[in-house]
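Provided herewith is a single structure, encoded as structure tokens, for subsequent inquiry.
Each chain carries a letter (A, B, C, D, E and F) given by its place in the written order, and its residues are counted from 1.
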């Protein structure tokens, strides 16, 4: 029996239709979220220190996600011989947090409100940035829902405490997270080269429980080796800065850094995480689509998110 | 008393939120359209003879339309001292017609179905192309609802009968329209330079009731002079090919032609049409956004459509 | 006797050399400004409501300005038979105000500090935005140096009082200016279509002394007619939002609006202003270069600024 | 004795001259093809399900091929210490198949006609797409000239039977090929992630003799391992969808999929195929140049084709 | 009786086929030119003082010219009710002059050789630049074929004598032309703003017979007024620098200057020139396509050239 | 004690301020260079055989280098646990060599003059191209300062002797270098595929002491293996053509060639060179930024240069 939508309904080609995430239903009423996954846009980019433009990340990722929306009854993966995101997994797009120009604190508060609404509904939050500072309100929303362990994939450590009064820019989120008692630890993958975090930030990070690995160190360890460094039974929140990837596949971002991860390196880590751990939320940030006219960056973001969600719910179903 | 949405609700900046047309509600159930205006995407571009890409016109126009969505209780125009599209005018976005790759006839039939649904609901159809061939199914939907007079704004005459068997490409729509007995006439503005229509097409067009004016001829006549050539009491369907405009403001299109209309030249004609005539429908076609990274073309499309809709309903309300 | 630099020195072609404004000397010590004109970058864009990117306006305008730097001993204009910006006019580039991400108030304060330094040095301030909110600290710097009359060239009225707490975004500057007792009036040219200012903003503006003219109204009045509406003897501060121009020549901006001014329309008004009035400062804002890969927008900005400066000092020298 | 063209003739730099494939002679008379290789453009893209634009693939690949045209008497490769495509290998460009907008069947028939003309002339067909549906008429042209084995390099399986009546879109070619009795088998390399082929398509493919390998599986097997899975003595037709490559080097395509092949992975397989098998034809499809302003994608296409042709004729000459 | 090519032959849509100018035949043997018009590419751009890239002008203009190639038996213009470039006018594309990198003199000599070959064959030369320095060898080729009067359409005067030894850059051509005894005069239209020519260059130009008019002066004079300034019976050579046009329609050029001509302003002057004068040759220079991803600039170049050629031969036939 | 600049001074974010290399001081007086490193732009691109545009390389690399300028007191690298380019290393930007359009020899002489000035001041020259021909005057400046060994990283051998009289184009530099008696040898890494050097050039190169390795050969050898082929105690000059890298990370270049180096492959070789050898100078050439709107290419150039400089001075300090 077919569960796809094209045999009986529309063909619904990828380029056709309104761009919600994965062409899933839009739920504008945040008190009525009823789904396994809820996707929230966080189009905030005043926290950037080089190029802005991540405010258009949510729209771009949504549009790119339609490329993977062929109306099949789930996404069949021939390598895994598995069907991901079948009709049993419900996803809704709840639109964007209300962003207020010039006002970082209010904008962040509105993002937090959205994540709290998703968590209150018992759904898995997927937040589309926006710059990496949007991770700050995301993590705040987990207050009282810990402990969580953060898996950060990123080129930059983002562990600046405060500089010229700035505590909530895109160079600060991991420091802010590490300060929370319900954040049990951070595993940072892909960290390399110069960033807004100086040496004292690295020292502080290590002291506060941040396990920092470069791309080359991750390659040497392998997926298994990396996973072994994450505490067993840790409930994982993934924050994926698209600049953790190599600029060759993610040029559309504000502060690109060469030498980043290739596609399968990240995908395989995420699949392993999904298999071994409970994943309690995720954000994907720093997609600035106007710097990539080929669309590769937003396609990467959508492809990673859809696959990761598939892995998570497949693992859940396997666990029973 | 304020009718805007930001005093009590969200600020809802233009860059925030899902991209429906004008951020108006999405109505996916075509049997439940209840609005003054219904917007339908027709992302079909297999009818093009040079550059394709108009399939992304609907998405691009929708996104550009958010630039004009500040949540005011209507759009105040200080030149006219009038507020357009206030809360009394309801608009819905019904998504896109189902397009079937390689299959022109089925795709066209699906567009026609959408326009018929809008007309059946008593709403004003606004169709976002897609290439100009999507006008063919639009006009078909008016069968039994005539007579209508077509106001075409375009660089090209689009009056090819049949060539190598092609009757439904983007060079044919006006010929197809002229063949309908419920199409009482065509006024074609902006026609200039070489196109796929040859001399015999021009001869046929004139014989079949097409009033052909170039940009320079329109300029010489002025808005009033142009309006005087449209039969009084004609019920007007507007088909606006974005290449009727000058490539300076509409470079994102498949077959640009220099020497086109500037913004106010078209806007003032549309305003006069709204004031003098019943407007029964419209399509805006040939926006190919990937050829214009500045976004000017789709912003033009959105700006023209929103203003024209404002004029139409303002005139209706004035007429009482 | 030749006053150019290439007969005895370098050829110094436009594409050669560091990009300061007009290839003029860089003066990083703000206490040592000694010039007729000082150019300050204000790369702040957290005040935008649609596309960001104006933070790269200063760098882009500086680079574009090198196109007009051929090392002649002044810019000869054959239409006016005059040589502008000869060796008697000294210009320095003082770099950028220090911008602090996430922090609007500190960033604005730093801009104000730069403009005050220029004014203290007796030089004419030329501020390169950044979004239009940078006009707010610019005007603040004139406290105690009034009265000044503001000539605004813009698509949008920018007269929002406060909305969701925002008082210093790019929709607010003219309201903030109008509140100053040393601002004697505002003449706003080019205002058209929907903007973040709603009807009540227009009403307030008019009540507070804002003379609002659309592009079409300006065209009807002509340069003389427009100038006649500016009070005689007014000391003029010009704030030029690049979106006052038509998107055909200024696509690289955050919130383009069709139907804007063409080049000579603005240039001739500026020349007339320079001839009749004392010009006490200027800002040129909203150039977002990454949306215009042709570079036309930043070339326009540089060309307008260099010509306007030429007119100002030519008029000064004529006045003796 | 020199066989290059610059010692006695023109320097003929890459950027100089008309863009035929490799700057080889144009032969517009399809009944007079007299060459070892004949290149045919197939600028058809109505079969695409996401982004169009592959209609400009042939022109873009031709222009990019001029980068490798320095007028040497053959292409010397220092790694292989071999000279490829010397004066003994004659190549002609026979222009494009006649494409009829809106009409898939006629367009495909015209492509088939071109390939048949090449085969009738005893030349090796090289077809430049166009979308992957152009492979359908290519394969048809081999009727009576089998058996052939298809080597497919691609991200997507393209094994949809029929959906909403579509049998000849870019998701169908391998199914259509597998139905031919003169197609002895298919080896599909690079297949990954979601595509228009659903699980039942994979099942059918395997049943019909399709050997499906992902990028990771190919990497694990190595070139030798992959070659071992192709039947000995198979006469090979290569269909190379540019999206088989990683979007990092081939962003200019309609439906990019991350995780694709890098350059040498494909090149070494093609070299091994040339050495072990008779190659009877090839198509390279889905280059959509307007999505890659750097030109990398079309340069990749030209570089792969020229090298592959070099390998084929070098191997032929070695075999004697 | 039909003279088009699609009734009996191919449909030959604009996007199909090899890109020669207007899809006309390629004639690589310069001793065998037999046509009314011969088109030569001159892809030289080492003479530029800001952005290079005009070396790709010839290829871009050729490709853009295919947009106007529908296979009709001539181009019917409904405004003029005339058919231009019918089967009686033969055009060939003779490819490009051989350009030698780093070597200006040899490259220029090769361009001169091409123009001489065209003139020797009795055909009308149409040279596609390249930067404006390519006009220098073009004019040299007319030695012994004068007198000629040059009609220059340009933003810049290009009348630099010598600076740092440079006599053959893109700032020098009109000075070089004025030095020829067979050049009877120059009419320069569109000259405005700063250029590499300083005041002394303007003085010299006027002294040497250059009639210099700005865009605004041309507008004031009107087409007739401009034509009246060109000596009766002058045999006209047209050199059209694309930057004579407004950057709104010609952004793809090296040294854009705002305030340029719009399309019909130039077209009507060219039509009047064709009607009143013998046109003996033309070049169109400074199209740098990589700065205009919309393609507008090269489309403008092709559209102007094809129309101008149409006017010339129509006028010739009218004169009998 | 903190040595950064933000604790007591400006925050000085990357997007703020004039673009000198690394935001280091500008020294326009070449007789007053007093620094460890001096950066010279060489914006010359008339030596290119395909796409030009490298004249904007220096400006682009300078701007990109600001991304790595956070005002820290040195760049901390957590992988090496080292701080590079601390306050003990002084760098100045001395602007660009004076380039004369159309005149290769004068332009090259001016570049040589700049490098000599740097060497005379005892600083390390870092030259930003421009095309690869700018290496010719760079090497000339080392006359009397040898012996030097050249480490070339490049896709192309650049060993053409003379062709059509060209001896100083971007295909000739290594041949010119090999002719110098003070050049003791060349190690060429990354050489692959077709280039302007033909087989006889390879033969000559090998005979004249050029050790040629392809990307795949370098990979097989590993960093150590490569270093072992460079003579011990050789004083190294590095010439880095950005097209030595894979087009995936360096698309913004004139003659891209697929199959190039990835980031760490080059970085690790440069680090090893810095550790084992005295580095006496470097140039980085062929960045043509207008072909890469993402900015990846110039970011790569800046990132490699800043890291390499860090390695060199770290190694010097280690050596004492």
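The definition used in the following text is that contacts are C-beta pairs under 8 Å (C-beta built on N, C-alpha and C of every residue); 3 or more make two chains touch, one makes a residue touch a chain.
All figures in this text were calculated on a predicted structure; none of them were measured in a lab.
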item: Any chain that touches subunit F and subunit A; value: C, D
item: Required minimum of steps from subunit C to subunit F, each step between chains that touch; value: 1
item: Greatest separation from subunit A - chain, by CA centre; value: E
item: Same vs different contact residues, subunit C with subunit E, by half of numbers used; value: different
item: Between the pairs A-D and B-D, the one where more C-beta pairs touch; value: A-D
item: D-F, A-C or C-F - pair sharing over half of the A-F contact pairs; value: D-F
item: Chain of greatest Cα-centre distance to subunit D; value: C
item: Distance between chain centroids, defined by C-alpha means - subunit D, subunit E (Å); value: 39
item: Distance between chain centroids, defined by C-alpha means - subunit B, subunit E (Å); value: 37
item: Contacts with two or more other chains, residues of subunit D listed in rising order; value: 11, 13, 15, 49, 51, 55-56, 100-101, 164, 166, 246, 248-249, 290-291, 293
item: Interchain pairs in contact, sorted by label; value: A-B, A-C, A-D, A-F, B-C, B-D, B-E, C-E, C-F, D-E, D-F, E-F
item: Subunit F - residues contacting subunit A, complex; value: 4, 6, 11, 13-15, 66-68, 70, 72-73, 75-79, 83, 246, 248-249, 263-264, 267, 293-296, 299-300, 303-304, 306-307
item: Of subunit B, residues touching subunit E in the complex; value: 49-51, 157, 163-164, 166, 191-196, 198-199, 202, 212, 214, 216-217, 246-249, 251-252, 255-259, 291-293
item: Subunit F - residues contacting subunit C, complex; value: 10-13, 15-20, 26, 41, 43, 55-56, 59, 62-63, 93, 95-101, 290, 293
item: Residues on subunit D engaged by subunit B in the complex (per definition of touch); value: 45-49, 51-53, 55-56, 100-104, 106, 133, 164-166, 168-170, 290-291
